[in-house]
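Each of the two complexes below includes subunit A, the first together with subunit B, the second together with subunit C.
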Partner chain A sequence: MSKYSAYCGKLLRVNLTNSVISEENIEDEILEKYIGCNGLGAYYLYKETKKGVEPLGEDNKLIFFTGPLTGTIFPSAPKVGIFSKSPLTKGFMDSYAGGHLGAELKFSGYDGLIIEGKSEKPVYLWINDGCAELRDASDYWGKTTTATREAIKRDLNEPLVRIAAIGPSGEKLVSYSCIMVDGTHAAGRGGLGAIMGAKNLKAVAVKGTKNCIRIAHKEETQKIVDDLFHEIRTNKVLNSGLPTYGTTGATTANNSTGILGTRNWQTETFEDAEKISNVELADKLFEKTLSCFQCPVRCIHFCKIKDGKYSGLETVKPQYETVYSFGSLCGISEPNVIAMANHLCNEAGLDTISVGVSIAFIMECFEKGILMEPDLNGIKAEFGNSDSLISLLEKVAANSGIGEFIGQGTKIMSEKLGQGTEKFAIHIKGLELAGHSVRGYKGMSLGYAVSPRGGSHQDMRHLPERSGQFDRRSIEGKEQLVHNVMATTVIRDSFTYCAMVEDNIGRVGLTEKHLNIINAICGFNFDLADLQKISDRIINLERCFSVREGMDRKDDILPERFMTEPIPEGPSEGMYTPKEELDIMLDKYYQLRGWDANGVPLFETIKELNLDDIIQVPLR
Partner chain B sequence: MQNNNKIQIEVNVKFLFGLEQGLPIENRQVTVKLSEQYTVKHLIEVLENMYPRLKENIRYGGNFVSYLNIVVNGCEVLPIHAGNREITTGDQVVLMYVGVGG
Partner chain C sequence: MKRIIVDENKCSGCRVCEATCSYIHEDAINPKLSRISIINTGVLEETPKAVVCRQCEEPKCADACATGALSFSNTKQIVIFNEELCVNCGLCASACPYGAITLHIIKGSPVKCDLCDGDPSCIKNCTSKAIKLIDSSDEIEVRRKWFGIS
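Moving on, here comes the complex of A and B:
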């Protein structure tokens, strides 16, 4: 048992090749260096995979980790992180899902789970209060995520078991397939579902009833928790906006400042934004809210389509990123269609961002005459054509016809098509871009470029510039801003509190709040410099992983459209990030990080961060 | 801008992301006439007089909530700078919350 509270101090290792399941202790020294979830995931992934590991090969690992806050009384900290080498980016990938799976895993006695090898036949992993077994999943292969969950619950006679599952897309190795958790949450990004599929692992089912998580300093922790609950109760976004609208308020908010990705980012003002606004979605779709473990915010919503197309469909209401990817980005202004597209993705197990951006790319190819109807199985892939959107999506979900091509992602599609399509292939490091403008936020443009994941909005955050706290139109000081924000996001993902409350804990740099939380709950005796060093260590470790796999400055690049085409209209007209500006920001950022001019961490940096025990130089 | 000439200006104000909740506003927007001062701060004071419940949505303990987002013609204005930000006829002011998550 760890001397630190809030940890189980154990992980479960599952070898699918030989069906050997074992428990391992997590040393306190490792907890001190990497804290939890994001940090531990990065540590084990780096340590246990070899350079050049094939993402869908037997030697790649799929790692699940919770954090020290998971399963405690700390509010809004339900996340479980999933880590691997991505089939989409070929680099480090982490993706996080809310719900109850993380807490159940800890209540079952484990901080994390390392899955290795490949099963001969489809299996699922059943973890029940510290006992684990692999069970036959042959009958579930081919089933949707919902059908899989229902079947496993019946099989186990455990209606409340928590389940992470892949759908048919993961089985068919669609490169941006996701892992659905309890049907309402997704570890969405980077194709982690394809890795499960490649391992013949259909699902992970967890039940834990042994809540014996210790808290180091109970009174101090109670005060921190009470204060945060008070902040949540008095915060209009958290106690009213998110429970009513989820994150969909961002649609009209972004449109009002001219930074809503529209028609494959040809422009950033969508004339029909009001038709897919938070108010419209709530009016047409809202049914009831759902809460993650120990979270008072309730930002997840169930919906039932009341009338019109797909009337009667009961599903999860789309969040902002999905409204962006299937809505404005594809020129679609029908909430029902966006809800159906979201539903199809959840059932097939697809990342809504990546598939929406990929279809928008196809639509622009169609618009430009690069792809015609016969190339697209007879589908007229026009922007705004909702039937075509759903038809293309169904093809991707089935990995059939043109869907097999689209399922490879925007980067591969543009490389295969050529004809100048790389100019409007909207990905970074192969990961399709989330719904926060590159051109409209200079800080985000640098943050996206250096994000270990690529086109993710969860490494750098847009809020500091969105709020006006930092001038989104200037590159001045953005290297420091990205450095500071990424310190908070990597600590957020290591503690495992949700992005919804990041504003309350600190969004630009680490704070006394971060420090007090981790010291009170776990019993560490960190100071802020220690915590800063931990965040730097994790960021550098992720970077070293991707450098080891061949990435460097050449990959810290933005889609060509954003470096050469200014936003053509609206309140942000004229904004873009030319390569020269990006280079200035990159030079400053690399220097601040202790990386060389090519973006490779210097040996002094690696040594200073005590990473030289697992990182061997030269990295490649 | 001097205010002794009593020019009347009209500004369109839009409310987003639930900030309009509880206010008797149609289509989440309203046109406001100003004739005394021409700043965002004054505009908000006028709006608070028109809609007393607005205070509950944008202030806590008398101060603007930290997550209030003011946008004038597409440009963000920090609430603490609202007193200096001048506005004129035809401007569009958006009041919303800084969204989180996504």
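Moving on, here comes the complex of A and C:
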């Protein structure tokens, strides 16, 4: 047991090759260095995999971690993080899912899981209050995520069990398959579902009723929690906007600033944005409000298509990123179609961002005459053609015909096609871009380029620039902004609280709030310099992982479109980030981070951050 | 009698009530230590359902208790628990027809709602305002008496 509160102090190691399951303590010294979730995921992944590990091979590991705040009274901290070497980017990948699984895992007695090896036949992992076993999943292979959850609940006769599962896409190793958590959440990014599929692991089911989570300093914690609850309940966005619309308000907000990715980012305003606005979606689709464990924000909705196309479909509602990827990015203006596309992804187990961006890429290839109907199994892949969108998506979900090609992701597709398609292949490090403009924010240009994940909006955040707090049109000081924001996102993912409340805790640079939370709940005696060093350590460790796997400055690059084509119209007309500008920002950022001109962490930086226990020799 | 009721159409299934209840009473967060449970199977079209002590005027838990540790208090209008008399036999939890009593993970004693001395923490912490304290007769007991069901 840890001397620090809120942790279980234990992880479960599951070897699928020999079916050996064992418990391990997590040493206090490791918690002091890495805190939780993101930090621990990075630590164990670096330490336990060898250079060049094949993402879909037996030697890659799939790691689950909760944070110290998970399962406590701290609001909006339900997340479980999943870590591995990505089949999509071949670098470090972390993706986080909300819901109730994280808390359940802690109530079962574990902070995390390390899954290694490969099972001979399909299995699922059943963690029953501190006892774990591998059970046959042969009958569930091929089932959708919902059918899998239902079958497992029947098999165990446990309707309340929380489940992370893959769908047919993960089984077929589609490179951007996700892991669905319950029916409402996804660890969506980077193809973690394919890693489960490669290991023949269909699902992880958890029941937790035995383990008690304790708090170190009651009075301080109660005050922090009460204050945050009060802030959430009196904040218009958190108490009204998100419970009514989820994150879909971003569609019209981004459109009115001229930074809404449209038709594969050829433009950044969408003439039909109002048709897929939050108000339209809520009116046509949203029913009951749902929430994650211990979260008063309640940004999820049960969704039912009331009339028109696909009428009667009951599913979970799409959030903003999905409205972007299947809506404006594919030129689609029908809420019902976006809801159906989202549903198909959730059931097949696909990342809605990556598949939407990949289909938008195909649509642009079609528009330019690079791919024709016969190349696309007879599908007329026009922007705005909703039947074509759904047909292409079904092909990807089934991994058949042209779907097999699209399922490899935008980077591989453009490399195979050539013919100048690289110019509009919208990915960074192989990860398709989220719905926040690269060109429209200079800070995001740098942030996306250096994001360990690639095209993710969760390392650097767009909000400090969208709010006007920082000038989105200037490159001045953006290395420091990215440094400061990434300190908070890596701490957010290590603690682990949700991005929905990050503004309340501090989004640009670590604050006394971050410090007080972790000291009060866990009983650490950190000061701000300690916390800063921990965030630097985790960011550097992720970077070292990707550098070890062959990445460096050459990979800190933006899609060519964003470096050569100014936004052609709208309120952000003329904005782009030429390579020279990116290079200026990269030089400054590397210097600030203690990396060499090629973006490789210097060995003295590694030593300074006490990472030399696992990185004993210089990386290059 | 006073009891807690939950408007299941308002409940979002966040379980803040569970964590708060467990923490306020037991200094620890654990769903089994909560006096209230939100039964949310994660099936999207299902509404979360709440289970909590109904504070019966003729409580089956008290009938099952050999030591008198559980009884209906006319002054407080709730079922009260006297820990000093409890021998941790667990019969109360089995006897409750509503499944509203769990047994303490360490002590084995009943874990049941005491309405927090009239100011329930679950109500104070419910953002959706789904939980209410009402003071009225129990419709199930009223119906039993009315139709002569023993």
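Here is the rule we go by: the second predicted complex is superposed on the first by the 618 of 620 C-alpha atoms of A that agree within 3 Å, B and C clash if a C-alpha of one lies under 4 Å from a C-alpha of the other, contacts with A are read in each partner's own complex, and residues count from 1 in each chain.
In this section, a residue touches a chain if its C-beta (ideal position, glycine included) is under 8 Å from a C-beta of that chain, and two chains touch if they have at least 3 such contacts.
Just so you know, these numbers come straight off a predicted model, no measurement behind them.
Novice: With both complexes overlaid on chain A, does A:71 touch subunit B (first), subunit C (second), both or neither?
Specialist: second
Novice: In the overlaid three-chain picture, which partner chain does A:589 touch, first (subunit B) or second (subunit C), both, or neither?
Specialist: neither
Novice: So in the superposed three-chain picture, is A:295 touching just subunit B, just subunit C, both, or none of them (first/second/both/neither)?
Specialist: second
Novice: First (subunit B), second (subunit C), both or neither: which does A:576 touch?
Specialist: Neither partner.
Novice: With the two complexes superposed on chain A, say which partner A:252 touches: subunit B (first), subunit C (second), both, or neither.
Specialist: first
Novice: Now for A:126: first (subunit B), second (subunit C), both, or neither, which partner does it touch?
Specialist: In the superposition, A:126 touches no partner, neither subunit B nor subunit C.
Novice: Output check: A:279 vs subunit B and subunit C. Expected answer is one of first, second, both, neither. What do you get?
Specialist: After superposing on A, A:279 lies in contact with subunit B but is clear of subunit C.
Novice: Would you tell me which residues of subunit C are touching subunit A in their complex?
Specialist: Against subunit A, the touching part of subunit C is residues 9, 12-16, 19-20, 23, 26-33, 39-45, 47, 105, 125, 127-128.
Novice: If you look only at subunit A, which of its residues touch subunit C in the complex?
Specialist: My answer: residues 71-73, 75, 99-100, 107, 149, 153, 159-160, 162-163, 182-184, 208-215, 218, 229, 232-233, 239, 243, 288-296, 298, 302, 314-316.
Novice: Spell out the residues on subunit B that touch subunit A in their complex, using ranges where they run on.
Specialist: Contact set of subunit B toward subunit A: 14, 16-19, 21, 28, 57, 60, 65-67, 69-71, 73-78, 81, 94, 96-102.
Novice: Spell out the residues on subunit A that touch subunit B in their complex, using ranges where they run on.
Specialist: Listed in rising order, the residues are 234-238, 240-242, 244-245, 247, 249-250, 252-253, 256-258, 278-279, 299, 319-321, 434-436, 457, 463, 465-469, 472, 498-503, 570-572.
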